[in-house]
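Okay, so subunit A shows up in both of these, paired with subunit B first and subunit C after.
So, the complex of A and B:
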């Protein structure tokens, strides 16, 4: 019974959160706020996908921006060069991102140690350079402009993005709490023992990277159709670091925590707008402070305490 | 032909200086230091700041900058890395965060414009029908000398054997009374000083700006993967291979393709032989 009441509180919390996010633009009718909320929701998708792969298996991905950028550019190319309907962008971005996940994951995830982290970082850096090198096709520093919107109404697009975030989070949470998630956590704990127990560790690592990449790519496509423009800046290491900071603020390996972390940080960043140039400095210092003083993050532990206060025993 | 030979050697020397420091601190302390590229950037900016703002002559300015970066490296190791050493990933995270803080500090302090680091030798030399800038030849010469000196230091001195001992078996070395924490600091200082030297020597012919740490770290990682993590001869050999491969690709295809070489080499090597050319451990 105790577990049930815990689940009920979780469900109520999630529903309350989605309702709050949905109600905010209705309460304050401002295009500015809807814009910020849309960005925060898309960052939420990126953070939750990062956490699914890296948080659960402990293989930190320093180049998540690779999948985001690849997804966004796929959307941009399909839409502007080939004139495809905007709705094709999402599945296409997912497929291309998965291809990149296999390309990067196969050589690096078979191995132990930090090869994966650094190889992903290199991959993202090189993709950003490639976008500048092949400027005739990619538009160079300017990127691709004139991408068609997915949904004309700004509010409609926000609700679509929020729906995507809720669906992705629910799916990844379900996966993380299933047998699959248990194996990923076990890999984080002790890879050798998992292997000895007959688990195909490599398959699980690469498959979870592919899942993570697929939704990150879809998030990239959403972002492209929101900004109506893509630029090589999407591949920047900074993008990956922002996402990692969000996950750390949210609480690693909790899946729902990073969503809160992303939304919290994007909204806080808007408050820091006046600091302008200092924004990234604030982010990187936050990351260092969190690493030192709050290794469990901020959002997930707070939620755990809240639900304990509501009487959930687990 | 001669041009390829010389230009390739110069970039190899710069890469070797970067990669040897990167692999040294890994081999000894098992620290993968993502802030290594930042030491390179700090070296170049240090020389720029001391010569153009404080009007110091180049040689004392360079030595001062190298010493300051070495000291800074020790500080980073003491304050940020040491508490995180229980987990390799925590070290990666903290050094990446440190690299970003340094990038932002450079950006806030100096802006995003390109800065000019003065060259020791302004003259151009005419060798076998090829014009080569003196700064490049100096980078080649100093790089070779510094790495040779480091090699003799590690192979011939008592302190060097302590470094070797720790890299071979940290626990046994500690039982023999080698103060491993002090050795880590020393190696960090050497590694940071090497990166700063590379930054100062490459400064005159490379772009000096806040994000300059990123590509060097990508290349150092590629070299170290190809050469074998923790192996100094491996890094030197791989630095030569990457330096010449990039130069060749630059001449035969186009300079824009050079950046791809390092990542391609990394991925191929990880598929074919993850331990690298001289790596002892298979994927540790």
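So, the complex of A and C:
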């Protein structure tokens, strides 16, 4: 019974969060706010997908921007070069991102320690360079412009992105709480013991990277259809680092925490615009303080405390 | 005889550079047997386990068959999937998880019973090994002896046909050793499980196993009943040195 009431509180929390996010643009009616919320929701998708693979298995992926970039470029190419309907972008971006995950995963996931992180980082950097080298096809520094919007209304697109975030989070949360998630956490604990238990560790790592990449790529396609252009900057290492920071602030390996982490950090970036040149300084100091005093993150532990309070009172 | 063997090891060799860690090792395990591998530190016991379970590839030329199937070249998880469970000399639990979660993961391999309640099975295994009441604790909070029990519960959760225990008594007090060996004897008796265990201590071990294979410098130096082994001149020499007599009881090579 205790468990069931906990699940009810979780469901209520999730519904409350989606309702709040849906109500915010109605309450303020500002295109600027809708823009910020859309970006924060897309970052939320990226942070959740990062956490599913890297948070659970402990194999930190420093090249998540690779999947985001290939997803966005797939959308750009399909839409502008081949004139495909914008709705093809999402499934196509997922397929291409999965291909890149397999390409990167097979050789690199056998590596231990920091080597996987470095290999993924290199993959993203190489793709960024390739976009510049083959500028005749990729548009070089300019990237691809003139991508058609997915949904004409800005608010409609925001609601669609919010729905995607909710669906991806629900799916990955369900996977993380199943035996699949248990195996991923066991891989983090000790790979050799997993093998001794008959678990095909390589399969689980590569499949999880592919799942993570698929939705990150879809997020990349969403971003392309929001910005209506793509540029090599999408592959930048800072994007991956920013996503990792969002996961740390949200609470590693909790899946739902990084959603909050992403929204908080995007909002914080906007709020600090007034600080001008001091912005990065304040931003970095805030992050250091959070990571130093709250090693378990900010969002997930706060929710756990709230949950306990609700559980005790009901 | 060898046609009915559960495990058949022939001419197994392993070199690490200039070190010949396992040297022409051959032996058989019959179904339902409980056999010990004895040898001083560095005799090649753990290397032998790593060869049998696929964690290390042996030199070319030998063979290992489990229930008639050749094992060499198979990945560790495939070998485990055939029904060979092992423990590790240094406990290697899944850190960051609870005790019961550790055991459930042990049951998630290919030998999982479809539709089985893995949580309930794990709880009952934990009760059997004496970890009742500690199911929800983080695994890091267990004492060393309890971690050894957990290793055994986790390897039993995979429903093995052959259990390979690597120094299950290492680092335990004598009371804990007696309890743990009673547990091993019980799972052997009740489930007809074939058990191979490594030890370098003689005492508890000698009462537990029916047959001993003694190793030294990677080589089988003697094979027989525990009583024969403690008197065997090659074993005495390996433990005490040439020209000494082994004390009958409680000898321990440190």
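Methods note: the second predicted complex is superposed on the first by the 292 of 314 C-alpha atoms of A that agree within 3 Å, B and C clash if a C-alpha of one lies under 4 Å from a C-alpha of the other, contacts with A are read in each partner's own complex, and residues count from 1 in each chain.
Criterion: contacts are C-beta pairs under 8 Å (C-beta built on N, C-alpha and C of every residue); 3 or more make two chains touch, one makes a residue touch a chain.
Values in this document were obtained by computation on a predicted structure and should not be read as measured data.
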{"item": "Partner chain(s) touched by A:201 [first = subunit B, second = subunit C, both, neither]", "value": "second"}
{"item": "First, second, both or neither for A:27, with subunit B first and subunit C second", "value": "neither"}
{"item": "Superposed model, subunit A: greater residue contact from subunit B or subunit C", "value": "B"}
{"item": "First (subunit B), second (subunit C), both or neither touched by A:188", "value": "second"}
{"item": "First, second, both or neither for A:309, with subunit B first and subunit C second", "value": "neither"}
{"item": "Doubly contacted subunit A residues - partners subunit C and subunit B", "value": "none"}
{"item": "Touching residues on subunit A, where the partner in the complex is subunit B", "value": "58, 60, 62, 103-104, 106-108, 110-115, 117-119, 121-123, 125-126, 129-130, 133, 237-238, 241, 244, 248, 277-278, 280-281, 283-285, 287-288, 291-292"}
{"item": "Of subunit B, residues touching subunit A in the complex", "value": "32, 34, 80, 83-84, 88-90, 92-94, 96-98, 100-101, 104-105, 107-108, 214-215, 217-218, 221-222, 225, 256-257, 259-260, 262-263, 266-268, 270-271, 274, 283-284"}
{"item": "Residues of subunit C that touch subunit A when the two form their complex", "value": "53, 55, 75-78, 80-81, 85-88, 92-97, 101-102, 104-111, 118, 154-155, 157-158"}
{"item": "Residues of subunit A that touch subunit C when the two form their complex", "value": "179, 182-183, 185-186, 188-190, 192-201"}
